[in-house]
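These are the structures in question, set out in turn.
Same chain, two partners: subunit A is paired with subunit B first, then with subunit C.
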Partner chain A sequence: MIAPAALLVLAIILPAAGVVLALAAGGRGAERVAMAVIAGGAAIALAIAGTLWSTGAPLSYIIGGWAPPLGIALRADGLSAFMLLTSALVIGAIGLFARATYVQPAGTPERRAPLVFWIMLMGVWTGLNAVWLAGDLFSLYVALELLTFSAVPLVSLEGKPETLAAALRYMLFALIGSILYLLGCALLYGGYGTLDIVLLSRLARPEPVVFVALALMTAGLAAKTALFPLHLWLPPAHAGAPAAASALLSALVVKGSFILMVRLWFDSLPGIAGDGAAQFMAALGSAAIIVGSVLALRQERLKLMIAYSTVAQIGYLFFLFPLAGAAGDWERLAWTGGIMQLVAHAVAKAAMFMAAGLIGEALGHDRIAGFAGLGRALPVVMFAFGLAGMSLMGLPPSGGFVAKAMLLTASIGEGQWWWAVVIMIGGLLAAGYMFRVLTPALAGGAAPVILAARISRPRQAIVLGLAICALLLGLMPLRPSALLEVGRTTQAAEVR
Partner chain B sequence: MTPATLYGLCSAVLVGAGLYGALVNPQPLRKILALNLLGSGTFLLFGVIARRGAAAGLGGDPVPQAMVITGIVVAFSATALAVALLLRVYQETGRTTLEQPAPKDVV
Partner chain C sequence: MIWLAATLLLPLAMLFACLSQTLRYRMSNWLSVAAVPGLGAALFAPEASLDLPPFLLRLRLSLDLPSAILLGVAALLWIAAGVYAAAWLRDDPRRGRIAEWWLLTLTGSLGVFMAADLVSFYLLFSMVSLAAYGLIIEGRAADAQKVGLIYVALAVFGEALLLMAFVMLAQSGSASGPGDGLLIRDAVAALAVSPWRNAILALIIGGFGVKLGMVPFHVWMPITYRTAPIPAAAALSGAAVKAGAIGLLRFLPLGLALPDWGNVLTTLGFISAFYAVLIGVTQTNPRMVLAFSSISQMGVIAAVFGMGLGAPNADLALIVAFYAAHHTLVKGGLFLGVGLAPLSGPRRTWLVLVPAAIMGLGLAGLPLTGGALAKLAIKPVLGDGWAGTLGILSSLATALLMTHFLFRLAALPEAVAPNALHGRLRWSWLMIAAASVVVPWALYLMVMSGSVAYALSPASLWASLWPVVVGATLAAGLRPWGSRLPRVPDGDIVMLVAARVARVAGRTAAALEWLDGALRQWPVAVLSLLAISAILAALMLVRV
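On to the complex of A and B.
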């Protein structure tokens, strides 16, 4: 039996070992390595979440026995558990979905794309798990870089000129973001002599060096999260990548830098930023919701529409800053609502990008104007697409409904009704761009749709399964989650 | 003026110049170079902080040095990846700029 705290190390080591093994195993073995890592990673995520659930206390592991500030700690709180489970579920579905695309049958010459895909998939997972578990800001920087370096090649997996350009633009945005973050780390270390999250939360005071560091780091992370107006790199990168990679990028990779921002604002420097800054972040989020949704409405291609919808849905996450900042019942509700929005969007968007990939494969194009009657030709895929869309619109019962309802209730409860207005407008606009696709597809056209390729049943089943998961998240009760509070209240108590 | 202040000001100049270059230049290669300048300024700042011995009141602090070494490795890999991408863009299109706002065909 492994000690529960050692699971935190395993969660990072396992996918990292998978990267090395896949490189050694070559094109044909990489897929098998990835499948083993997916099974093992899911078991580790469940074990960590189970431990947190049964004990109700956070886990921590001091690497090498060297305690912070000199050493490095890994910590798992309720947020880590949520994110570990979400990434295990989404990466598992993406891995099973991608097996059909990135297969290397015996007797055929090896292609490079499958090997790169499986290695980068596990690389992204290593980076994500490290972001969920790292206990200090510098380890988070390294984790974030690992995530970026694994995500960028996924964009240009097919090697087409426009995807290479999209990957390069993504890379430049990500680079400027990470260097600004590192500069903030330097300033914080200069001020307090530690980057450990818990130690920093005790030492940090509202003074100029902290304000500058927080501003630099937040700006850098916002560029990586594609917060409006730094979202320009996202649509071409996410829409140009192959379906499985788009799902991974849109569902999980942008959430990594967002969680880092949460760790910074809520855990490392609690109460430093002040209400004005929090309102400003949520205002940018609101602009993202409106602009992203309107641009999604105007797209002619399905994948670009879904990518702009990601820009919009990311905006909701930023309501966390003004709504969940203080300690109180409404704030706890907003905290659960904000994180649920993250989880629900991850699951629904992964399902939606994979459905779009199947539609593109079946039709040979993804122009929304050519979708008339698609519901009859691809009933399961369109059904899955619609279910995932319910979550984006926030229709009950879906994960998106639960999340948006909690954020809406909390914003009214805290007397910040203006965010409630934005949430409702965002829901209407999301319904607009979803029905633009669903209405012609389900109403049926004059001529039957001719499919360019057949889609196998298991792949349709994976997409449908993930879309149903997005729906099942809606069965969650509309109150603060006990698991998500693990480690949060104690930390807040320590600070005060 | 102490040496630490002088180096601190140098790092501020490097950071400022790098940030300006990264934001103003439209050419990807110039952006990559400017980001390296920005990175150098950041590493120099870590060096200044190490000299001040912030952690234990000693003559020097080894932790920022360790961070700089990690940071240099990361910056090196990032530059290599970005330049490799730029070279592939050049091979495929014959251009070294990014004027297209969106891909023409995504399927």
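On to the complex of A and C.
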């Protein structure tokens, strides 16, 4: 029997070990290693969430027995549990989906792409789990870099010149973001002599050095999250990558840096930023929603449309800062709503990118104008696409609806009605770009659609299954989630 | 209890069965069965209530007398339209898909009458609104896709207004937080003290106004009823549109006296009622004429709600439900007639036109029809003042419009190859025509406790007869000039405005696209990154 706290280490070690093993095993073995890691990782995520659920208390593990500020601590609170579960679900689906693409059939020469894909998939997972669990700002930085450097090769997996350019663009901009973050870390360390989240939250005072540090770190992380207007790298990277990689990047990778921002604002330096900065963040989020959605409406290619939809959907996350930061009755609801938006978008967007991948494979192109009659040719895929779209539009029952309803309620409750207006407009625009795809696919085209390739049933089933998960998230009660708040109230109480 | 559950579960189970391809293509034969539990619920469980197992969402279904009436007639129409659809879609390659959308729309349409809490109401309301999209785009018209997009844009817009209203209502309704399982009744009761009462009322009237086709949100109605397959158009125009009526019935605080809001709603309602007739008489397609008549009738319903909002009336819900029930049967029925007319050969006059005349002029209050009773019911609510006068004028206008409809129906060209279909279409048409008279009478006597003597008194008969006669005469007089009336482009004048708005929106979008391109340049992006950190730091410093 493993001690529950040791599970935290295992959650990071397992995919990391997978990376090493896959390197050793080579192309044909990599896939098998990845499958084993997926099964094990899911079990670990469930075990951690189950422990938190049953005990109602956060877990922590001091590595090597060296307590912070000397050593490093891993911590799992409700937010970590949510994120562990989400990444296990989404990565599991992506892994199963990608098996058909990244096989190394026996007797054929080994290709580069499959090995890179499976290794980087596990690399991303290591980075993500480390972001969810790390207890100090420097470990978080390391985790984030691991995440970025595993994600970049996924963009250029196909090795085409334009995807290479997109990958470089992504890496360069992410590096600029990293520099800003690191600069902020240095300032904080210089000021307080620790980067441990809990210790920092007790020590930090509202003073200029903290402000500068927080501003730099936030901007750097926003660049990695592709918050408007720092999204230059996202559309080409997410639209150019192969479907499974796009799903991973859009669903999870951009959320890593966002969660780091949350850790920074709510856990390390609670109440430091003040309302002005929080409103500014949400204003950028609003601009992301409006501009991203309008741009999504105008794209001619499906994958670019989905990528711009990611720009827009990320915007909603930033409502968390003014809504969950304000003291009041509604902040608990905003907290659950904001994180639900993250989870719902992760699940729905992964399903949507995979559906788009299947459509592209079947048709040989992904031009929206050529989708007439697709609903008849690929009913299951289009159905899954539609379900994922429901969640993005925020229609009930879906995770997106629950998230948006909670954010709306909180914004009205806190008297910040202007964010509610943006949420509504965003929903309308999302309906616009979804139905622009769905209408020709469902109706038009009496002529039979000629498919360039057949799509196997299991792959369709995986996409549909994930889309149904996005729908099932809509059964979440519209109230603050108990699991998500594990560790949150006690921490807040400690600070106050 | 079991009836309420079955009303939702049977169509959903049938939808589930459509996963099998064989069953999907046979499902169009069984569509009428899906609505039977709804009728059963209205007949045998009109006061029932059912809490869904509270393991995740806490949902409650319940019926009271007004909602049971609406549910019952809607189910009746769905049954008749289902029988009709079985024949209509017999060899249609689209029948599998139509059956799926049909079942989904039906579930929402019947369910919305039973929803007692905010969450399930919103869920079922969205279901009936959005699933209808699938029925619309299955139409054969060349522009069906465009129509579908216009429909869905307005439906989603209406839903956005409602979601906002519900969120605000939920906050007024519970001090502890919104939570789930909040009953509409409790939320609306809290409206009396809500600080956002005006905003909520505006959102509710706007949101349900879209569903009811209130001017200027009516543009979706004529084009969708023109496009959708006939049986679907019948169900949508009769039953699905009543989701808006039950919405106003459930969410307007009819117990509070709010004369200002009452006046606003009544005025808006009458504007719809007359505007739609003006546009409707210029239309040549009988389906469009019917759609404008629906807009007009929903306007009357809104006006009645407005009067009730101004001066509380304990019976208002029942009266509106009664009026709406008659409209459900008539409007749905007439669409079935439009489909039947070109197929009925030499028997068109007796088989189609005469029942259609009884039903259509019934809407204007033709004596002895169900419509006369409906007009009788709303008369005391509208009163003797300006609203009462406008009410009488609207009967007259309706008679004018419906006579115009009859001319257009008679003028429909004969089908090129009259097939054997009409034998099976005929029964559902005649059944619904009979129901449009029998059901209102039965309700009038048993539920509304109306008196036969009053309904048949010479004064009542005369009061309902003369507007019909005048309106019909006007229409007959107008007929020779029919071709000289200004042609209103497809849909409506509002469409022209919409086209201009679309152009402006297009330019804005192009500008945003340019902005996006500019922001995604390296120098600009790096500058924005630095600017963001500077602004954040400045905002944090300034606060201190």
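The rule we apply is simple: the second predicted complex is superposed on the first by the 493 of 496 C-alpha atoms of A that agree within 3 Å, B and C clash if a C-alpha of one lies under 4 Å from a C-alpha of the other, contacts with A are read in each partner's own complex, and residues count from 1 in each chain.
What we mean here is this: a contact is a pair of C-beta atoms (placed from the backbone, for glycine too) under 8 Å apart; a residue touches a chain by one contact, two chains touch by 3 or more.
These numbers come from a predicted model, not from an experiment.
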* Structure fact -> subunit A contact check, subunit B vs subunit C, more residues touched by chain C
* After lining up the shared chain so the two structures overlap, which partner does A:Ser156 touch, if you call subunit B first and subunit C second: first, second, both or neither? -> first
* To do: Could you look at A:Val291 and tell me whether it touches subunit B, subunit C, both or neither (first, second, both, neither)?
  => second
* Asked: Where does A:Pro229 make contact in the superposed view: on subunit B (first), on subunit C (second), on both, or on neither?
  -> second
* Just subunit B (first), just subunit C (second), both, or neither: which does A:Ile176 touch? -> both
* Considering only the touch criterion stated at the top, classify A:Ile412 as touching first (subunit B), second (subunit C), both, or neither. => second
* Taking the contacts subunit A makes with subunit B in one complex and with subunit C in the other, which residues are shared? -> 176, 232, 235
* Structure fact -> subunit C partner, complex, touching residues on subunit A are 173, 176-177, 180, 206, 208, 211-212, 214-216, 218-220, 222-223, 228-232, 235, 272-277, 280-281, 284, 290-291, 294-295, 297-298, 329-330, 332-333, 375, 393, 395-397, 405, 408-409, 412-413, 420, 424, 427-428, 431-432, 435-436, 439-440, 442-444, 475-480
* **Partner subunit B, residues of subunit A touching it in the complex** => 69-70, 138, 141-142, 145, 148-149, 152-153, 156, 159-169, 171-172, 175-176, 178-179, 182-183, 185-187, 189-194, 232, 235-236, 239-240, 301, 303-304, 360, 364-366
* To do: Using the touch rule from the top, collect the residues of subunit C that touch subunit A in their complex.
  => 56-58, 97, 119, 122-123, 126, 130, 133-134, 137-138, 144-145, 148-149, 152-153, 156-157, 159-160, 163-164, 167-168, 170-171, 177-180, 196, 508-509, 512-513, 515-516, 519-522, 524-526, 528-530, 532-537, 539-544
* Structure fact -> Seen from subunit B, its contact residues with subunit A in the complex are 15, 18, 22, 28, 31-32, 35, 38-39, 41-42, 45-46, 48-49, 52, 54-56, 61, 63-64, 67, 70-71, 74-75, 77-78, 81-82, 85-86, 88-89, 92-93, 98, 100-107
